[in-house]
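Two complexes are shown next, each including chain A; its partner changes from chain B in the first to chain C in the second.
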Partner chain A sequence: MTNQTSNKQLMKQVGLSKSIVRSNRRSKATSFLFVLPYLLLFGSFLFFPLIYGIYISFHDYNLLSKDHVFIGFENYIRIFTPDTALSSLFFEGLLKTFQFVIFSVPLLVIVGLGLALLLNSLPGKIRTFFRTVYFIPYAISVSVISIIFLWILDTNSGLLNNYLMQLGFDPVPWLTKQPFAWISLVLATVWWTIGFNMIIFINALNEVPEDMYEAASIDGASAWQKFYRITLPSIRPIMLFVVITSTIASFNVYGQPYLMTRGGPGDSTEVLLMGIVQQAFEQRELGSASAMAILMALIMIIVSVIQFKVSNATNKGGA
Partner chain B sequence: MRQPVKKTLLILLAVVLAILFLIPLFWMVMTSFKNDFEAIAGGLNWFPKNFTFENYTYTLLSQSINVPIFKWMFNSLFVGIVGSGIIVTVDSMAAYGLARLDVPFKKYLFPLFISTLMIPFVITFLPLYMQFSNLGLLNTYMALIFPYTANAFGVFLLYQFFRGFPKELEEAARLDGANKWQIFIKVVVPSARPIMWTLAIFSFMTIYNDFLWPLVATNTPEMRTITTGIAIMQQGSFVSSYGKLMALTTIATIPIVIVFLIGQKQLIKGITQTGIK
Partner chain C sequence: MVRNKKWLISLLSVFLILVLAACSGNSGASGDDGEDTNGSDSSNSSDSGSTETQEISFWAPFSGADGPFMKKIVDDYNASQDDYQVDFQIVPQTDYYKTVDLSFNGGDNTPDVLIMHGDQIFTYSEKDILKPLDDILGGDVTAAQYHERGIEGATVNGEIYGLPLDIHPLMFYWNKDMFEAAGLDPEQPPTNREEFIEYAQKLTNADKNEYGYVVPTLWPQQFIFPTLVAQNGGELYTDGEVNFTAPEVVEALQFQRDLIAEYEVSPADVQQDGEVTLFLQGRNAMHLNGPWMLQQWVDAGMNFGVAPVPQLGTEQEAVFANSHNFVIPESVDDAKIDGILNFLRYVGDNTLAWAESGQAPAAKATYESDAFQEVNIQSPQVAKQFDDVVFSPDVENWGLAVDPLMEEINAALLGQSGVEEALQEAQDKASQSLEE
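Moving on to the complex of A and B:
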């Protein structure tokens, strides 16, 4: 008798744990449905293209031909073989992209921080107004920005040269001579995107504890000392974030030189992304274009990692 | 004595900068009201001598030019709205699942998604082009929408929010017999509404203003978005008609500036929350 009941109990328990397993499985399945739609989109439009891009880069992939022959690392080797058309397209493009990064990133960071400091020193009510004004260009598309600046910077009838001529200066070939073409592209880019960095800096400045400034004031620190000793070290991580995101954005520059200078004068502003698009859609060589794109992405990732490491190292050294 | 002087100088600086920021937009709008002759002549007249709407009527209504501007506007708005709608729906489900539910393999899924935030668009846009081309889906709304929906940014943003969401609310609903979907729709989504709006506005602006992808994903005039359409016009029939170009850019800019001004607060919240926390 006792044996039978304990058996029954045992059977019940087994059944119970089976149903727990079953309900657990069902619960997991339901939960998985939450992630499934994104997982499908992620797989189809990010993960798959990533692999597909690597696959294409290992092939002689001309858009006009039906056969795409596997050639291993040949596309990459050609990029690294000096004096080939592909290699000069890649490395000259890369050089110009680097130039743009080097000209634009310091301004994007410093002007962004400057605007944030200025706004924070204004009385509260008008601060919001000016923040909106400085932020508006960020909402506008690159083609609109480019057309506005094309017109303002036009050599013969642009607004800027008209003013310069009235002041007795010669007209400046803003878009057709270097270094003015770079200056124009950087100017338009700063005007367009600076609001984003400014917002990030405003937030960072607001999170610096007020009592640190008060303590410094009691010690008789000047405004400059406060900025250098308190503000800068406190916003350091955000500064790194801004430097990295601005660098990535500047690496991806395309619309401004495509529309404002068309890569010119000569090919002095023909950045790497323009070279990749040209290789893919004018030469129709998708294989080598993909190899260029993958290398560009790798370079971007490496540069970000270096910026991160350098900043961390100097941070430790300073502390 | 020094403080007020300093304050006035700062305000003055802010005003000068504000003027510099607004001049290009002001010049755009004013040029759009000048006739071609006055626009080309350049000059320094801030206000048009002969105020005219002809650039607007010509760009919007003329039959003689092949500028489907209403179609472009529709395309941009449609793609922007549907795209951000999909992003907000799909990302909030995934982020909630990963943050709160017993999703299998979530230990691997979340890092996998997040690691792709490091991957630049340049690496996927050529294979994406081939993918849509192989399927015969270039020049479709699908091509203009889906690539944006794979971005992990929204999942990352919302995941952080759901991690900090108080568990008690979900518990109470569970005790009332609600299932996961009911909890998600009736309890979680209502309280996540602000952050979801942030993501929606962010996504809308990204899609509406994107340039390179719609440029390669479309090649028929009817499927262009407004940003790519403008670029085509600038290099084509409007090449030196700055009055008409400026009318076109003004029309294109109005909706996005309205979205921006309405959603500014949400947008700022989104930007600061993606900063290092």
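Moving on to the complex of A and C:
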């Protein structure tokens, strides 16, 4: 892959012949056709709803009212007016979502990479078996995951506490006391989604040229040095991808707290998306709910850009 | 190479056309749900007097075990006469009000008659979406044919907006095997607070992880807490204001906290559905929940009893309830009213099938009949509570007040905040939310 890109750069520097330009144009048209079906679906199911959401967020849009009055930035202003119910719904929800992101993303990345390294060191057939095993939870819906964990973690009748008590420990209130409630939600999330990150890391690890490791071995590098000096720098772009997608996925956390803790104990796990859904479909206030959702998307974009910049900066600094 | 590409492009265009066709096909399909309705709309308004069969579309959220019972009633009705054809559509419960709202918002594809929970009627009537029924009732169908509390639950500012299908109050369930093992009469549930606490203590054996009454900390507190407040003679909403710090309300929460901390008949740290799990496992002897739980106990093969909720409060018998009601959208054409009433009259006279689901119909013709007393062990017990039911207060966005209340009840029952400070917090949050 690195060879190919350097070849292209070389060709650019040398200057391309006209025939290549022409065939490039035609292949661009062909590749556009390849993208078109996705573009249509993207347009109708993501882009258009997004624009429509922005439009709604500028209106007083109660689902049951006939007129939806244009009110400009009023919904946004209400969110940023301190001590209103809407602003506390948004900012308290945001705070809890941030907590979840901070707790879950490092684990999702580290455990994903760890599993990938572990599987890669296994012999072929066993590797395929375990790769499937670890990936299966990812294919299960969040409702099923939540029910499984509700049963395992039940304070008074759950599997885990049963084992703990037999070993002589006190039962742990997994879902009804902090910090256990966060630990449980992160645990369930890691178990559920880790397969995806793992598969991506496995592919990235396979892309690292074998001869680099051989050369390092000849130079007498230790396993840790090989990991730190060869593996990590080689998979850096994939790492960035995994960090950003995991962050976005964790930002969108909804099903696990909604089904497992119902936002409790108290309101300590009531994440932002729960507030938005409540505002939209219990209060039927689509205008302010859309404004909250747009703000949430903006925050996610900002966070992703920061991650990208930071990663690039350290990349340059390192190189 | 070039030929390959042409081939590829033509393949792609075919694919694209297919995708586009599929897209437009989809949008057509999504409109399909209501196509019958639309078709009947036009045909009926033009020739309502003709002998041709009139179609009535009917929506309900009965996507659970109760669906087939309503389906049977509708099928029987359609078979019983030729003038009207009811087109029954079950909308999944979780999406029900979303779907209803969107159909009203779009203005087309709305049902002619639909099921609405009692606690939703206020909000919809305020938005002028529902037809007031006072002028329509009086002929074959009258309010007097239903239990008066049911009609009350569907009445806003003196106007009737719905006819009750059923009233579903909180119920009391107990495990007869555990009663027997504790030396209690398995046919004799407690009737007041003293008996309840006494029984609960006898039934509790914390060493064996067995409890007399496991206190839920989340759902169904939405039913339990208002029941206790009403039994204490209190109200959650008085004179246009939330009333969460009134002594009756504080007592309702303190009593539940005492069951955990003082009487120790419940474990601490009960999670969502934790009390249900323990009840199913035979380690929770007494349980408060809605009548919709019946099938779960039956499926689990439990030896259980069901009765009206004992008087756990200090003042009076009372029980919190919600209800299913038939409502008619304001937009429905007058030409259809006769058909809808004909259907509702039939349902009122023939709701025994609905009672088979464990619910208690609010139509007197059914709940006063002898057959109803025998229909199952639960429904007659549900109907016994009809006289004592209380409903959600008529407040727009009452959910905004209930949410903080439930969060604080959760924190207090988990022992993470004091009873009075929790209710003060809930009071502050709820009044702020309702003010805006």
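To be clear about the criterion, the second predicted complex is superposed on the first by the 272 of 319 C-alpha atoms of A that agree within 3 Å, B and C clash if a C-alpha of one lies under 4 Å from a C-alpha of the other, contacts with A are read in each partner's own complex, and residues count from 1 in each chain.
Criterion: a contact is a pair of C-beta atoms (placed from the backbone, for glycine too) under 8 Å apart; a residue touches a chain by one contact, two chains touch by 3 or more.
Treat the numbers as computed from the prediction; the structure is a model and nothing was measured.
Chemist: Superpose on chain A as described above, then tell me if chain B and chain C fit or clash.
Modeler: Aligned through their shared chain, the two binders clash on chain A.
Chemist: Of the partners chain B and chain C, which touch A:A85 in the superposed model: first, second, both, neither?
Modeler: In the superposition, A:A85 contacts chain C only.
Chemist: Please indicate which partner A:S290 is in contact with in the superposed arrangement: first for chain B, second for chain C, both, or neither.
Modeler: Only chain B is touched by A:S290; chain C is not.
Chemist: Going by the touch definition up top, name the partner, chain B or chain C, that contacts more of chain A.
Modeler: B
Chemist: Contact-wise, after the overlay, does A:I276 reach chain B, chain C, both or neither (first, second, both, neither)?
Modeler: Only chain B is touched by A:I276; chain C is not.
Chemist: Tell me which partner A:L167 touches in the superposition: chain B (first), chain C (second), both or neither.
Modeler: neither
Chemist: Name the contact category of A:I218: first (chain B only), second (chain C only), both, or neither.
Modeler: In the superposition, A:I218 touches no partner, neither chain B nor chain C.
Chemist: Using the touch definition from the top, say if A:G263 reaches chain B (first), chain C (second), both or neither.
Modeler: second
Chemist: Where does A:K177 make contact in the superposed view: on chain B (first), on chain C (second), on both, or on neither?
Modeler: second
Chemist: Running through the overlay: 115-123, 169-177 or 205-213 are the candidate stretches of chain B; which one clashes with chain C?
Modeler: Looking at 115-123, 169-177 or 205-213, the stretch of chain B that collides with chain C is 169-177.
Chemist: Share the list of chain A residues that count as touching for chain B in one structure and for chain C in the other.
Modeler: Correct list for chain A: 30, 34, 37, 44, 150-151, 154, 156-157, 259, 281.
Chemist: Please output the residues of chain A touching chain B within their complex, sorted ascending.
Modeler: Touch list, chain A to chain B: 24, 27-28, 30-32, 34-35, 37-39, 41-42, 44-50, 52-53, 56, 115, 118-119, 121-123, 126, 130, 132-152, 154, 156-159, 162-163, 166, 191, 196, 199-200, 203-204, 237-238, 240-241, 248, 251-252, 254-255, 258-259, 273, 276-277, 280-281, 286, 289-290, 293-294, 296-297, 300-301, 304.
Chemist: Of all residues in chain B, which touch chain A in the complex?
Modeler: 7, 10-11, 13-14, 17-18, 21-22, 24-25, 27-28, 31, 40-44, 86, 89-91, 93-94, 96-98, 101-104, 106, 109, 113, 116, 118-131, 146-147, 149-152, 155, 179-181, 184, 205, 208-209, 211-212, 216, 226-228, 230-231, 234, 242, 245-246, 249, 252-253, 256-257, 259-261, 264, 268, 271-272, 275-276
Chemist: Help me check something: in the complex, which residues belonging to chain A touch chain C?
Modeler: The touching residues are 26, 30, 33-34, 36-37, 40, 44, 62-65, 84-86, 150-151, 153-157, 171, 173-177, 259-267, 270, 278, 281-284.
Chemist: Going by the contact rule at the top, pick out the chain C residues touching chain A in the complex.
Modeler: On the chain C side, the touching residues are 5, 8-9, 12-13, 15-16, 19-20, 23, 97-98, 101-102, 104-105, 123-124, 127, 129, 209, 214, 217-219, 267-274, 277-278, 281, 283, 397, 399-400, 403-404, 407-408, 410-411, 414, 416-417, 429, 432-433, 436.
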